[in-house]
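Per-chain numbering from 1; labels A, B, C, D, E and F assigned in written order.
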Amino acid sequence: MNLALPFTRPPHPLQVEPIVRSALEEDLGRASDITSDLVIPPDTKVSAKLVARKAGVIAGVVAAECAFSLVDSSIAFHCELPDGSPCGGGSEIAKIEGPARALLTAERVALNFVGHLSGIATATHALVSAVKGTKARIVDTRKTTPGLRPLEKYAVRCGGGFNHRFGLDDAVLIKDNHIAVAGSITEAVRRARAGTAHMTKIEVEVDTLAQLEEALSVGADTILLDNMSLDDLRRAVALSRGRALLEASGGVTLGAVRGIAETGVDYISSGSITHSAPSLDVALDL
Amino acid sequence: MNLALPFTRPPHPLQVEPIVRSALEEDLGRASDITSDLVIPPDTKVSAKLVARKAGVIAGVVAAECAFSLVDSSIAFHCELPDGSPCGGGSEIAKIEGPARALLTAERVALNFVGHLSGIATATHALVSAVKGTKARIVDTRKTTPGLRPLEKYAVRCGGGFNHRFGLDDAVLIKDNHIAVAGSITEAVRRARAGTAHMTKIEVEVDTLAQLEEALSVGADTILLDNMSLDDLRRAVALSRGRALLEASGGVTLGAVRGIAETGVDYISSGSITHSAPSLDVALDL
Amino acid sequence: MNLALPFTRPPHPLQVEPIVRSALEEDLGRASDITSDLVIPPDTKVSAKLVARKAGVIAGVVAAECAFSLVDSSIAFHCELPDGSPCGGGSEIAKIEGPARALLTAERVALNFVGHLSGIATATHALVSAVKGTKARIVDTRKTTPGLRPLEKYAVRCGGGFNHRFGLDDAVLIKDNHIAVAGSITEAVRRARAGTAHMTKIEVEVDTLAQLEEALSVGADTILLDNMSLDDLRRAVALSRGRALLEASGGVTLGAVRGIAETGVDYISSGSITHSAPSLDVALDL
Amino acid sequence: MNLALPFTRPPHPLQVEPIVRSALEEDLGRASDITSDLVIPPDTKVSAKLVARKAGVIAGVVAAECAFSLVDSSIAFHCELPDGSPCGGGSEIAKIEGPARALLTAERVALNFVGHLSGIATATHALVSAVKGTKARIVDTRKTTPGLRPLEKYAVRCGGGFNHRFGLDDAVLIKDNHIAVAGSITEAVRRARAGTAHMTKIEVEVDTLAQLEEALSVGADTILLDNMSLDDLRRAVALSRGRALLEASGGVTLGAVRGIAETGVDYISSGSITHSAPSLDVALDL
Amino acid sequence: MNLALPFTRPPHPLQVEPIVRSALEEDLGRASDITSDLVIPPDTKVSAKLVARKAGVIAGVVAAECAFSLVDSSIAFHCELPDGSPCGGGSEIAKIEGPARALLTAERVALNFVGHLSGIATATHALVSAVKGTKARIVDTRKTTPGLRPLEKYAVRCGGGFNHRFGLDDAVLIKDNHIAVAGSITEAVRRARAGTAHMTKIEVEVDTLAQLEEALSVGADTILLDNMSLDDLRRAVALSRGRALLEASGGVTLGAVRGIAETGVDYISSGSITHSAPSLDVALDL
Amino acid sequence: MNLALPFTRPPHPLQVEPIVRSALEEDLGRASDITSDLVIPPDTKVSAKLVARKAGVIAGVVAAECAFSLVDSSIAFHCELPDGSPCGGGSEIAKIEGPARALLTAERVALNFVGHLSGIATATHALVSAVKGTKARIVDTRKTTPGLRPLEKYAVRCGGGFNHRFGLDDAVLIKDNHIAVAGSITEAVRRARAGTAHMTKIEVEVDTLAQLEEALSVGADTILLDNMSLDDLRRAVALSRGRALLEASGGVTLGAVRGIAETGVDYISSGSITHSAPSLDVALDL
């Protein structure tokens, strides 16, 4: 099974390249790869394989390819497992051929991207698999690594997940503190709606069924059910009768997620898929 | 016990600020924090606490303070637990006072830095504690998140670890592929030494005791013992008799690290402390 | 009447400052303001007024203040008419005091921002006033001047208008070409929904009532009625019965806009308020 | 008639590309063109025409070509009407072929450049045509849109106009406030000349014929006659007898410009051609 | 004697700061000043003097002050000898007080600016002094160090020299190759004048008196007499009778410059004052 | 003899290109090369030679090639004398063919790089030649031109020299002020070692033999003998018996350097090779 379509839509190269370039500059410092430049003759060519050492879901090959290409545009990169593909331990992700110096110079940055992003895709896919058969979709949060949000949200898509807000500006999310200052959910939603137009969704975070009722009555597009018990989630689903999309959050472990999904919520959001996913072990074998 | 001195030396603000600014720009997008701007009056002031929800070691408060200050320079930030401090679940890390809008706008970015970097410090500290009493020091690698190397290596220092190379340019590290192309360790080291001067260290990665012998004989400053058994590590220590610093790598889990340390090696390097440390749970309580 | 609240939410200073700094660098070139530096002694102080020469609605004072402050932080800027305020010919917008050199150096950049953005606010406000009493809201488009979208969309808010998408990434807008390639509105919406989650709105552009029917039946959130006659707009309103928000576009002149609004559509979008609004005449009087 | 030569000299690609790249990044945001990426298969190819919907003078095709090329270097762009060409309603400006996704992603940014810059070229050309047969040349000012000065001044050249100063640093322009602080025109010019060398022109703004006399007597290279009556302009021309170049400014409408030109001045400067020119209507037809 | 006025006009801080910031980032690398951070306690305060070890003319103190301020805004910097001042060996340029760490971190970058720019000011001043009493002014060229042109041209002003073009765009300079391609000086000047307006000077480089005659007859503003003998320079001065400004270049050594000046030329240009001036020895004494 | 190998390792193109691009942008300003664009038809092709006018050692051809390529990728650049090659007056460094406009536009920036960097390589090579036959290696310092450190240190390598620290972060260098604050060399080294790991060298600057003894006893890797007499240098060599690498600095003139080398020190560092090397005269002949 290839997960790639239709979930994977990589960010545009105009968005990926600056991040990869910046990572290479960080690694090259002020004096380039002094080991390879001193030890390896400039005309030595090699061929290498990018391989997964563990099973998981691949993400970030687009960034790895960009890294090799930025270091030396004569490197040939042939992708075997595109982003969004499941892999086993030992799976060959890509074949890479070109100058030995350049391959070794780009190696670590390329692996850092693939390892990190595949880790996120793999963690996402675990949750997605766990809720298979329910209608619940797994979504991410803004709990991402600074500077990598577009790529990490792409990795979530590679793992079969969906994307919540990309930032503070593309949707309204009214949380407890906003409600406290505004005085009520009703007033907070009124203010938000008075200043936004037809293309901006409004979500309200609620802790109780009473709050849920109020949020529904003022027409919130989406309601975030924060840390509710399974019973309350079920009641919330019953109560809302499809008037708003429901998102559950809090306590979303691999063990608990199916139970949450079976309450009938539409979305389950997880911060840990981006902020705590261990890197997937990948390597470059020459 | 405060771990902060002398290990913590934060990167200079000239290095931290651009990273934090960039993270804020990523979150603000093109239209700022539309929820807070619409729902909260501009003159509402609040006071908040940055708290740890789990035990660990704190890192990244310097980045959090920078985030609040960039969003609104009138925010007062009073640090209670500086970077490098151990914390318990519920520990108060800092007190923050200022405009409600600004606090909520900066909140997520600040938390993302503290959570991510404290996760690294905590994972590092676990290894450091495990080898306590031996002479082994825990060091990091270049397996860091793209764009965050200076901060992640700082987090390693906050956790009591030490820093390996910062990039491809500040030391020579001759690996198996370099040796293969050069023909021998001897030739590879000769080439490296011919092109570097007195302030550049040369490390050689070896897989066998025979290679170790060769590396020692050509005067490598440091030798990386890759994936050796405990027995071989012990033999390596005996064989080298202090002629070079010895670094062990491979299979460095929390369970295995003390055994490795007790072989007598000088350094133990771990990639997982930077690439796979789960985020420490921190929050902003208003 | 002050239009400022609740429509005006300026972009965050972290978003405004780089644009203003860049404009100043463009004007300073490689050798600074050679006229003022040569002709005016460094210790000459002046006081000046930023004034409107024509009636309109003010926008961009936040950028002007930023310009003066970047050129010399000792300049005192006192705003009399905040962004979103109506002005008459001769209205004083702000008082500015400080070193003569600095005021003259910043003058043109400051005026360019206020003139351009007030022109947009004024053009927007003209449409907003024309539809007063109807439920139609005026919204902008992505037809903005390259590099100034956040500020121009802010100027639209200052004029009483609302914001459509900020870019290609924060909402789905399915146009004729997308429909042609996908084969049908139904298929295009299906694909969009399969890849987006609960916080992303989907709008469909339609040319005919038949297309409108199809878009409604597949649950588009918003429907763009492109260049329809008033009669067709009325029929569209009747047909949709509130199942989706309706946006009219095309031929939105000052003369025509009220007629369009009275058909009952929810939104009327105009490109000319951003791409063709003449600058408002503003000046700095010393 | 093709206006292109010798007036059009586009800025160098090294100057154009960063501006276009930045405009694309502004439009792509954090998640790329989600509509096209979801709805259109990656291998769909299309062919399109860039067309003018109204008559005018074309400018900015170099920026449009750059936009398409940055989004996808495989796009073929064949220019039919180069910058500086007059166009009629319906004129085909360029043929564009390539991946449908990429064309739609680049479309709006490309159109924004061509529409905005052609608007400036068209407005400039109207003034240029109105003064045809006189010796007066139309010049621009520094009243340009922040960030676009090099392109807008190029658009002025495309329309047959000439360029005044590009910034505060490439020529001296002594205005009323400079004169007031220096004490006299004579002293102001003396100071300017003492600090500049042989490649820097000095212009003085005057309001009266007495001031003109003084400016001529101290050898100003160029004199700006600000808001003078036609009679005074004629007297100024007579008085100066070619001792300096004369530039008229103020009240330069399409109706008034020929009268001004016929007074015999050398240059007529207009801010409105850059700050208030309506966009030329251009579109991409697939 | 203080040379500072009226020649020194430092670039605006908005132009200086990015260059200084970039130099500090270059020196700080990825891990800051590890020596000072490890060896010196954070609360140690020191007071230091910036001193000249050799006689010359000072330039670049504005950059040094900026460097200290960027590293730590609490540093107090008191300038004793402003840019443009002559200094003797041992002269105190500035007093600096603040945290020891910060002073040592900023030291080298600050000294690099002052040493380099004072070297240029000193070399310029030597030529300026040598031509004292003649009407000739010393001017620089575009032979500057990449990235430092605004500061190096400022250093020339600090030394009493004047500035030629700042770049390829602020004046026309027709050289031998341009003439060869155009066919004649007359045609080249005609083309240049057809495309430039009243604020752009046109200079022509000539090798012979016949060329000079042609350049004068077509009204070049300035004429560059390239590598002419003293006799030919004298003839050129006689020939031109003030119809154009004359600039001599080639062989401008300290020994030869007075002879050149005494021929009566208006300007003498030197590349060596910017590309070959040895650094002035400056130091920071704690 | 070609000096190029193994000393020359140019910085990676990812490091060179931004510096060259920035230099071109500095020269192009806001309106490109107006002379060439106006005077030379776009289709004129030329062929040119990059030649040395004086003898020396070449460096910076990589930057020149990059400059021509950035201005116009159709320019053919054929290098005859690679970086690190000795040249005589008249030597042809490279052949360049392409559009005349582009060649002239890139000319000055290309020459500025080659002239400046070859000047450094030439000055370095003079010292290197002077110490030939001794074991002493010539090394540079951090006394480089702001913004050009990676290229200037490369030029030192092209001249046969070696590189000291690239910045404040890649090695510890304990100077007199650090020692004064720490209380003793012993304490300063102890603090440095407590915070650095196995890949960071520690150097101590000493003024006396007593200090040298202390530095040796605490195991400094390298010792900087500052401004010692030849007698003291000889004593220092005898005293250290190879326990540390010894670097002499101060008074390193071309006349004195061999004497210093013959004392037996390992390294001799010179600031003047980077901060005071006169430019090598190079030109572009069409």
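We take it that a residue touches a chain if its C-beta (ideal position, glycine included) is under 8 Å from a C-beta of that chain, and two chains touch if they have at least 3 such contacts.
From a predicted model like this one, the values you see are computed outputs, not experimental measurements.
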{"item": "Both-way neighbours, i.e. chains that touch chain E and touch chain C", "value": "A, B, D, F"}
{"item": "Far-end chain from chain C, centres as C-alpha averages", "value": "F"}
{"item": "From chain A, the most remote chain by mean C-alpha position", "value": "E"}
{"item": "Comparison of D-F and A-E by number of C-beta pairs in contact, larger one", "value": "D-F"}
{"item": "Chain centre separation (chain A, chain C; CA means) in Å", "value": "32"}
{"item": "Whole-Å gap separating chain B and chain D, where each centre is the average of the chain's CA atoms", "value": "52"}
{"item": "For chain A paired with chain F, centre-to-centre distance based on mean C-alpha positions, whole Å", "value": "45"}
{"item": "Set of chain C residues in contact with two or more other chains", "value": "6, 9, 26, 28-34, 37-38, 105, 149, 163, 166-167, 169-170, 191, 194-196, 200"}
{"item": "Category of the chain touch graph - line, ring, star, complete, other", "value": "complete"}
{"item": "Contact set on chain C toward chain A in their complex", "value": "6-7, 9, 137, 139, 157, 162-166, 169-171, 191, 194-201, 203, 221-222, 245, 247, 266-267"}
{"item": "Touching residues (chain side chain D, partner chain A) in the complex", "value": "21, 24-25, 28-34, 37-38, 70-71, 105"}
{"item": "Parts of chain C lying in touch with chain B, wherever the complex brings them together", "value": "6, 9-12, 14-15, 149-150, 153, 163, 166-167, 170"}
{"item": "Sites on chain A touched by chain B in the complex", "value": "19-20, 22-23, 26-41, 44, 46, 100, 104-105, 108-109, 111-113, 115-116, 119, 142-149, 166-170, 172-175, 177-178, 180-182, 188, 191-192, 194-196, 200, 271-272, 275-276, 278-279, 286"}
{"item": "Partner chain B, residues of chain D touching it in the complex", "value": "26, 29-30"}
